[in-house]
Every structure is written in C-alpha cells, then in structure tokens.
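For reference, the structures are reproduced in the following blocks.
The two complexes that follow have chain A in common; it is paired with chain B in the first and with chain C in the second.
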Partner chain A sequence: MNNAELNPIKDRSMVESAVVGNKGVLRAQLIDGFKRDKFIIFCFSLLLVYLLASLFAPVIAPFNPYDLSQVDILDAELPPLWEEGGDPRFLLGTDAQGRDMFSTILYGTRISLLIGVGAVLLQTLLGVAIGLTAGYFGGKVDSLLMRIADIQLSFSTLMVAIIAAAVFRAAFGEELYGELAVVILILVIGTVEWPQFARTVRASVLAEKQKEYVEAARVMGFGSSRIMWRHILPNTLSPLLVIFTLQIANAIIAEASLSFLGLGMPVSEPSLGALISSGFEYIFSESWWIAVIPGVVLVLLILVINLLGDWLRDMLNPKFYRM
Partner chain B sequence: MVAFLIRRLIQAFIVMFVVSLIGFAIQSSLGDPLRELVGQSVSEQQRETLRDEMGLNDPFFTQYLRFGEKVLKGDLGTSYFFKQPALEVILNKLPATLELVFGAVMIISIFSIPLGVYTAIRPYNWVSRLVMGFSLIGISVPVFLTGILLTYLFAVELSWLPSFGRGETVVLFGSWETGYFTRDGLLHLLLPCITLASIMLPLFIRLIRAEMMEVLSLDYVKFAKSKGLSPLRIWLVHGLKNTMLPIITVGGMQIGTMVAYTIVTETIFQWPGMGFLFLEAVNRVDTPLIVAYLIVVGAIFVITNTLVDLIYGLVNPTVKLARQ
Partner chain C sequence: MALLEVRNLEVSFRTREGIIKPLRDVSFTLNQGERLGIIGESGAGKSILAFAILNLLSRPGYISGGQVLFDNQDLATLSEKRLRSIRGSRVAMIFQDPMTTLNPVMTIGQQMIESLRAHRKISRKDARVIAIQKLKQVQIPSPATRIDQYPHELSGGMRQRVTIAIALLLDPLLIIADEPTTALDVTIQAEIISLLLDLCVSNNVGLVLITHDLCVLSQMTRRMIVMYAGRIVEQGPTKEIINDAQHPYTQGLINALPQLSIPGTELKQIPGAVPGLQHVPSGCAFNPRCEFSMDICTRVEPGFTCSGGCSVACHMVEELVNSMGEDL
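Let's turn to the complex of A and B:
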C-alpha cells in the first residue's frame, strides 16, 4: 500500500511502543480497581451469568419455546411455582400460549443481547470511521460531518428508529418483517446511534493529533489511513470502551421499546421486550408474571451494564484521580 | 448576529427539505394510491390511463416538486382510513399530546431542580446517594415498563387511577379539548405524565447536579463566599442562575426525545394523541397519515431546535456568533 508496509520493525518499535506502554498502565489500573470493588465484581459476575445463560439457552432451557409440539394451550397462564396453583414443571409459570416462561425468558435474553451487541458493533464501525475521518482531516469535512451528527442527534434516535422500523414494517408486511426482524433491528438501531461514537472518537483524535508520535509517523511517510487506524485509534480506546458499554444498554432499551410498540420481534420469536409487550394485556386479568418477570430480567440486565459502564468511566476519567 | 441567524435558518431549511424528501420517498414507495382510490375492479388499461392522469408515471423529481408545492400549501394528502385531510386529522390529536408533554415537563421541572441542586451541594450525604441511586435505576427502566408497572400497581391492584384514555374533557377556546379543568381529566393525566417524565427526570437530576457542582467550584463562588454572603444566596442566586443556562438548552434539545416517548406512553395508556394515531396509521399502512406525521414532527423539531439555538446565542455572551 505505502512504504510503511516495507518497514514494519521500525514502525512498531519506535512509534507504537508509546501505545503499548499506555495500555499496560491502563490495564493494571483497571484490574487493581476491579479487585478492590466488591460491588463491581458482583455486577460483572451477574453479567457473566446473563451471557452464559443466553449462550447456552438451548442447553439450559427445559422446553423449546419455538417448538409448537412442546406447547400445550391447556397449560396457559399458570402462575410461578411459589404462587398458589403453580405447576412443578414450570418454574416461572407459563404465558398465555402455554409456553414455559423460564425457557422463553432464556431465549428472549439471547435475542435481546444479540441485537444489542450486534447494533452496537455496527454503531462502533460507522462512528469510528466517521469520527476518525472528521477529527483527522478537520476543516470542511469535519464541520459537515459534525453538523450531520448534530442534526441526527437533535431528532432523537428513538424517533428515527421508530419511523425507520415503521416504514420497513409497512413496506414488508407483518409476516416478512417478523422473519427479518433481527437483521432489521440491528441495522436500524446500529445506524441511528453513530453520532455518539463519532463525537467521542473525534474529540479524542483532536487531542491525540497534536502529539509528537503522530508527527513522527507522518514524517516517516505513513499514509493517513494507517496513521488513523493503527496509531491514533488505539489511543482513543478507553473513552470508546465506556461508550461501547453504555450504548449496549441503550440498544437493548431501544430494541425492547420497538418490540413493545409491535415494531420489533414477533410474538413467535420474542425478545424480552416482545415478551413484556405480549404480557401487558394479561396484567388486567391478574396474570402479572407474564409481563413483570421478563421486565425484572430486562431491568437487571440494563442496570448491570449501566453500572459497569459508569464504573469504567470513573476509572478511565483522569478527573477522577485528581479528586 | 445576522450571519448566525441566516446560517441557522438555512440549516433549518435544508433539514426540512431532507425531511420532505424522505416523506415523499416513503409516500411513493409505500402502497398504491390508485388501488386505494378505485379498488381492484378496474382493468389494467384503465389503470394505466388513470396513472398517467394522476401523474404517477412522471419522473421522480417532477412528482416531488408537485408534492412539495402541496406541502407548502398545507395539503398533506387525504388519510385512507379517516377519509379526511391528513394534516387536519393530526392537528386534531395535537392538543392531547401537548397536554401530556406539558404535564411531564411540569413534573420534571418541579422535581429535578431541587433534587439536582441538593445533590450538588451535599454530594456525599445519604439523601444524595439515595437520589443518585434511584436516578441510575430510573435510567435503566425502559419507559414502557414504568408505564406497565404503574398501571399494574395503581390501576389494577389498588384501582386508584384509571388506566386508559383522557377521561372527561372540557372545550377551551372553541376547539382545544383540555383535561386540566376536570377532576376526572386530571386523574387520567397523572399516570401517563409520570410515565413520560420518568425517562427525563433522572437525566435532568444528573445534569443539573453536574453543572451545579462545576459552577460551585468556580472562583466567583469562592469570592462570594469570602465576601460573607449567606450560603443560601450563593447557591440559589449565584450558582443556580449560571447552572440553568446550559440546562435550558439541553432541555430544548430533548423535545425530540420527548415526542418519541409520547408514542410509547400513548400506546400504553391508549391516549388519543398523535403518537397513538401514528402507530395506528403504521398498522393500517395509511401512507398519507404516516408522511403527514413525519412532516409535522420534523417541523416541530426544527422550529424548537432553531429557537433554542438562537435564544442561547442571544443570552450567552460567550458564544462567538460569527464563527459558528
């Protein structure tokens, strides 16, 4: 590509050593802070439980909620085990179609997390590319891209997501939309939230650009894209990590809200939001568990991610150390 | 100042142009207006002639110009379902949505300012920790879940409050139906407004706290303290005044988020407002109504954002207007 590729040893040892050193200190600080804070260890373990539960949902779940032959409508609306009338087969009761709530929640968590993480990966990709470009080149490119980001943000991401999902749904029809829902939700939520990342990356790039190692890399004749991605980007990782964590919580909330409005996952393949949505009408007939249990599972997941994100921000924020 | 004003207006104009372009693209790709008009019974040949007559075979840009001209005249098409002008249908529902937003904004202002200021003055006290803990939980509970839980608790279990609709309303100034002047209307407003406020309240408490803490660490506050002014005067007159300026700007910007969440809130409580109407329109594939909603909401966003920017530019002397 450029002459930098011909001289890899010099490049790594001289320029990128600064990066490695920085990362080492950072990691040590994080691990140290982590070991000292019991509450954060608890949050992290809880998140791990969520991740493992959704990864191994097919193994753990006693029933397959997607398999109609395992569902009996006569089992519908059974309360959880500890309530009067609970059935020992169904730990958390059953929903209006007779599906086991515990299994449905496991599969629902899996879908919610899949969409959340997928959407944020897409946001990261878009946001980092745009933010790097804006910050590195500056000038007209920068002001144009950041103006677009401002405008996009002023429209509220949920609003844009609702309208985009609504248009897709009206265009595809309910059935086809249901089949494609996971992909569409990742695309919609992933596309609308890019300004968050772009702004953060841009701000870090502006600060990093002044530093000598960038100047050194430029003098050595590296191309812009190599300097951007290989030299500047690694130094903007800590604010990115914070945003990445917090955005997963936001993406999960967005997915749940869209599903609640009927613009997300279909009832046959519910995420946590779709589960709550389908349970909503049953709270009036006292079958509270269909909506409330997945609701608690959802809130706990978001809360844990938010707490971890906040903790990361406090750890990585230099202001924090001064206090 | 004039240059800033013009630049801001040009930007507003461009945004509205893009919104109308998106609206038109949706209109021309979603559903077939001809089928809505004549049904299935017309032959293929008659269809083609009708399409020509209606200009549906014209190039995209010509059709867009025609659409734009109509929009400027306030004609956003006729709703397939209501058989009435789409703009009229939406504007009829506007008061219900505005009353909901008004109630939520009142709740947010009444609670966020004292709580934000208090937690900034006494950051390590247990009340502050409690408030901050609650605000973190508040951020983590999606709006629709807050609504469901409130409905379950207050409408189903305790049956203190109604769970849907606007209740009894009275007509004000000829056409504005309000729920604020009847007991029944106010009771119906309570749950939806709390639900809508629940998403912004924790955000604003945190924001006011952060701004206030920053202001209180500035030199002029230390100077005021050393002059011997009473702490109450420093907090409320010197501190709060400079805290509120950025807060108001952020608040104005949040109107967009607020409108988005009215869709969710109105769906939970079957509130007969614009958001509920929009979702119904999506389910019925009522394209003119979808597009009209998009354009009305787009206009609301652009107008509030432009006004907030201009007011901020006027009020805050440190904004360099020329270079923005």
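Let's turn to the complex of A and C:
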C-alpha cells in the first residue's frame, strides 16, 4: 500500500476544495461553519419551525380565527391548558372574544412574516436599483440619489407609516383599509427603508467598479445596464444577504409596533403586534396569556432572525472567518 | 490600407487645478495585420492612449482633439451605439492582470457566451461551440470542462489564455494588449507571447502592444513608438531603434536593461522621474533628465526629425541631421 492510498479522504477533500466554484467555496464555508455551531443549528431550526408553521397555518390550526361562526363568546378568556381551568380544546387558552390563542398566533405569525418579507423584498428592489445607479454612474446622479436617501432616512418609519395609514383611512374609509392593510403595510415599510440597501449596494459598487473586469466588460461593448446588473450586482451579494436578514427583523418590529398602536392590522385579522395590543388591557386582570404568549413568540422570532443575520455577517466577512 | 490611423490625438482631463493633457499630439498608423509596440515609463500615457483609441475614457478624461480613424470611421466622434458595436467585435483588448479582468462570479463559459451573443445573433449552444473552439485555439487543455469553471480555478497563465480567447472570440481586426505579460512570471510570459504572436499572424490581426518591457516588445513587433510624458518621442522600425536609438530617452531606456551576461555590473538608470502632468517642463519634456540638454531644449518643444527610418523629437538629433545634410 502506498501513501496515496492510505490517505484517500484527505486527498479527495483537497481536490474538491480546489475544484468547486467561488459560489461553491462560499457555500462550503457556510455549511462548514454551520455544522460546527450547534447554537446556529438551533436558531435555524427554530426559524424553519416558524416558517413551516406560518406556511401551513390553515392546516395546523384547530380553528379558523377569521371565521366568526367558530368563535363562542362563552369560551372567552380561558387560560392555557397547563393552568387551572384550562380547556383541552384550547392549548394556549382563548382571548377576550373566545378565539383559540394557538390558532390566532399561527395566523398572526403568518401575517407578520408575510409583511416582513414582502416589505424587505420591496426595499431590496428599490434600494438595489437606486444604489447600483448611484454607485455606477457616480457624480451628480450619485449626489442626488444619496441626498434623497439621507432625507428619507431622516423620517422615522413609524411616523411615515402613521401618516400614510391615517391619510388612507380618511380617504377610503376603515373597511377598505381593513381589506388592504397587508398591502398598505408592505408598501409603507418597504418604501421607507430602502436607503439601507441603497447605501450598502452603493458602497460595494464603488469598490467593484475599480476592478478590471468592469473595464473589460466595457471594452467588450456591453451597455451600462448589462454591466450593472449582470456583472457588478452578483459581486455585491454577500453584504446584501446580511442586511436582507436584519431588515426582515426590523420590518416585523415596525409592523408589530404599528399594530400595537392600533394603526396596523385590524383586530379582525390580527398580526402578532395586534394580538399583543388586544391582550394588553387584560394583562392585569389575570388573563396574562393573551398578551404574553404572542409577545414571546414575536421576541423569539426577532431574536432568531437577528442571530442568524449576525452569524451570516461574520461568516461572509473573511476577516472574521477563522479556520 | 491603414487599419488604424491616429491623427494628432489629444486627451484632456478636467481637474480642480485646471485642464491637464496626459496625451498630446499623438499620431501613428497601423496597417492590417501589422504589430506595433508602444513603450514608455509608468505615467507616459500608454494606457490612456489604449482607452482613447476605443473612446472609453472615463470622466474626467475626454478626447480634446485629433482623430482615431479605424476602418475609415472616426471613433472619436462616433455615436455611443456604433462604438459599442465596434468594441469587442472589431477591436478587442487584453489587460494586464488576468486575475481581475475576468468576473469572479461568472464561469468562463458564461462570460464568453455572453460576449458572443451581445454581438451576434446566435443560440447559446452555437456560442458554446465557438467558445470551446477558441479555448482550444489558445491551447487550453480539455476546454470542454474548463469552460464551466470559475476564473479562480485557473492559474494566472491559464487565465491570460482565457482573456486572449475572449479577445479573439469575435474575430477582431485589431487587438490592443495593455501589458499582457506584466503580471506573469517569465516562463509563462514566453508562452503567452509566442501564443499571441502565432494567433495574430495566423488570423492576420493587427496588434497594438503596450508594454514597458523592451524584450517583449522586440520579440513581438516590427515597429515601435516610444512615449514620454504624453508625447511620442521616437517612432520607427523596432530593430533600428533598439540597435541605434536616436533620442536620449530611448537610449536611456535601452541602457537601463540589466545585463545578465556580465555579472557585477551596476544597474544604469535614467536620473529623475517622469514629471507630474501638472508640471510638464517647458520645451522638451525630457530636458531636466537629459544629459545632452541644451539651451534650446528648455524653451522650444522639438518637432519631428526624420533620421534613417525613424522619426525623432529631439533638438540634438535635429542639429545632427542638419549638420550632416550640410556636410553632404
């Protein structure tokens, strides 16, 4: 037996690491770091549970909280199963209107995540387009777009959302607002926070623009938009991925805050924030679960997303990555 | 017929300190299939010349005078749309550092196929066939597997072969190579040079080779241009200039080559440095560094004098030629 045969695994892994592509290296690095960190595996699994639960909410939930015929006011304010007086039909108890808390939370998480992801997708679209344009063209275009970004950042998300919601309600009435609440919240949160993405993309584009492959692409006779979107953008994806994650947490918080203030989702179709809000008045009348359980669910969701975002940032930053 | 004719090209940069001119009064012609070398120190304006030929100067630079006639079209005044159809397909460019000229997140195949399809209406499949064929032409082993790899999976020499393949992709009439071998080590440099030379000869492609390496230049070109501080100082057949340089700057460049055969000899250098573009000396730009500098050199910018097959911008050479003419 010669040495090469003695050491087949080591040799193969060396060959593999030399052969996989750039994306492959990144992927291998991520998977590697992922496997080593038990805590991140836990966070990721929890996020997966959240995602699956909200995706399959209609299947999992024992009741449909939107269907008033399933709600009985006599079941109101029943405590969770493990408390004295708990009803076996209601795992996490019921709220003041007799809705099953477990089902309501499932549906609420679904709405919170939907708004979070939707708003951030919109932010990404706007931010990437604006940041890419500003960074690539530079000069006056850059100054103009970045000043607009500064102005946008000086308005707080909540303030803009409150004004937008108030104007919409005044103009089109409460009923239409209730129907379109999800869309309106996505639009408002999505359009307010694009500067985060624009700034990040612009910074990366400025660095990438100096590299010769951009020059080479121009020499090949490619147009500006093709160079921007096909050549530069894919090289700026790692920082984007990180803020994408962190911004989802921010968007969910923004939505929850609005709903808590009574300006977000209507009570008939509650998100987690609206649930906390509706339970808040009962918190001192012994029905603590109506506010606390959705609160814990929300905090845990935000925490998990933020931890994953931080972890991604560390992983994608070569300075932080240790062998 | 001339493939490329540059006439009195002038490039300006708008800066806070005013307008500076990194390229002044550059004229030369290149015939079909001819190979021309451009040499000069860093800052002489070689790369700016390359980009000016393609009208690709980025702000704050712009062409402020002269013409770039390629195939009887003036690239300096052509519309952006027409320019884009010429770039890449008729005139290609090879850059110095093959590590950064290829996009790190696209496979070689993707980059080649995209270039082909940007200029020709062909299917992805046909483009791939052409790409593989070109990779084979630049002697890349097993091109069919290499084509799906990312640039970082290839060695430096291999990557430069790929950039040459990309340059040849659309069968251009002219290739501008901006220091194509500077980033490579000597043995690979030799391989790349002979490859580029073979390909240019067999495809009858014109080559403008920009370099600061006299050895590379003498191997690859028949004619050469020496540039100093944005101006041409000497132009003529490569052999003649290398054997018998007229301009003191060219002589200095040739003398500065290290002599390997005589160990222990001190390296010669041209004293001083290339002037900054804001402070180009009056008269002949080279005069503060020139050992033959005369009174007139600091006052009057020299015109071109024909000496043998070369044209030289130097007062001393002018005087020499004139006195020889009187003797006859």
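Here is the rule we go by: the second predicted complex is superposed on the first by the 299 of 323 C-alpha atoms of A that agree within 3 Å, B and C clash if a C-alpha of one lies under 4 Å from a C-alpha of the other, contacts with A are read in each partner's own complex, and residues count from 1 in each chain.
We take it that a residue touches a chain if its C-beta (ideal position, glycine included) is under 8 Å from a C-beta of that chain, and two chains touch if they have at least 3 such contacts.
Computed from a prediction, not measured in an experiment: that's the story for all the values here.
Asks: Quick one: chain B and chain C on chain A, clash or fit?
Replies: fit
Asks: So in the superposed three-chain picture, is A:L158 touching just chain B, just chain C, both, or none of them (first/second/both/neither)?
Replies: A:L158: touches chain B, not chain C.
Asks: When the two structures are overlaid on chain A, which partner does A:L307 contact: first (chain B), second (chain C), both, or neither?
Replies: A:L307: touches chain B, not chain C.
Asks: Considering only touches as defined above, state whether A:A216 meets chain B (first), chain C (second), both or neither.
Replies: After superposing on A, A:A216 lies in contact with chain C but is clear of chain B.
Asks: Who does A:P234 touch here: chain B (first), chain C (second), both, or neither?
Replies: second
Asks: Touching A:L298, do we find chain B (first), chain C (second), both, or neither?
Replies: Only chain B is touched by A:L298; chain C is not.
Asks: In the overlay, answer first, second, both or neither for which of chain B and chain C A:L275 touches.
Replies: In the superposition, A:L275 contacts neither chain B nor chain C.
Asks: Using the superposition on chain A described above, determine whether A:I186 touches chain B (first), chain C (second), both, or neither.
Replies: In the superposed model, A:I186 contacts neither chain B nor chain C.
Asks: For the three-chain arrangement built by superposition, which of chain B and chain C touches the greater number of chain A residues?
Replies: B
Asks: Between chain B and chain C, what is the shortest CA distance in the superposition, whole Å?
Replies: Result, nearest C-alpha distance in the overlay: 12 Å.
Asks: Contact residues on chain C for chain A in the complex?
Replies: Answer in residue numbers: 54, 56, 59, 83-89, 92-93, 95-97, 100-107, 114-115, 118-119, 149-150, 152-153, 163, 166.
Asks: For a test of understanding, state which residues of chain A touch chain C in their complex under the given definition.
Replies: Chain A residues touching chain C: 18-19, 21-23, 138-139, 211-213, 215-223, 226, 230-231, 234-235.
Asks: Spell out the residues on chain A that touch chain B in their complex, using ranges where they run on.
Replies: Against chain B, the touching part of chain A is residues 147, 151, 153-156, 158-159, 162-163, 166-167, 169-171, 249, 253, 256-257, 260-263, 273, 276-277, 280, 283-284, 286, 288, 291-292, 295, 298-299, 302-303, 306-307, 310.
Asks: In the complex formed with chain A, which residues of chain B make contact?
Replies: 11, 15, 26, 29-31, 136-137, 139-145, 148-149, 151-152, 156, 163, 253-254, 256-257, 259-261, 263-264, 267-268, 278-279, 282-283, 285, 287, 290, 294, 297-298, 301, 305
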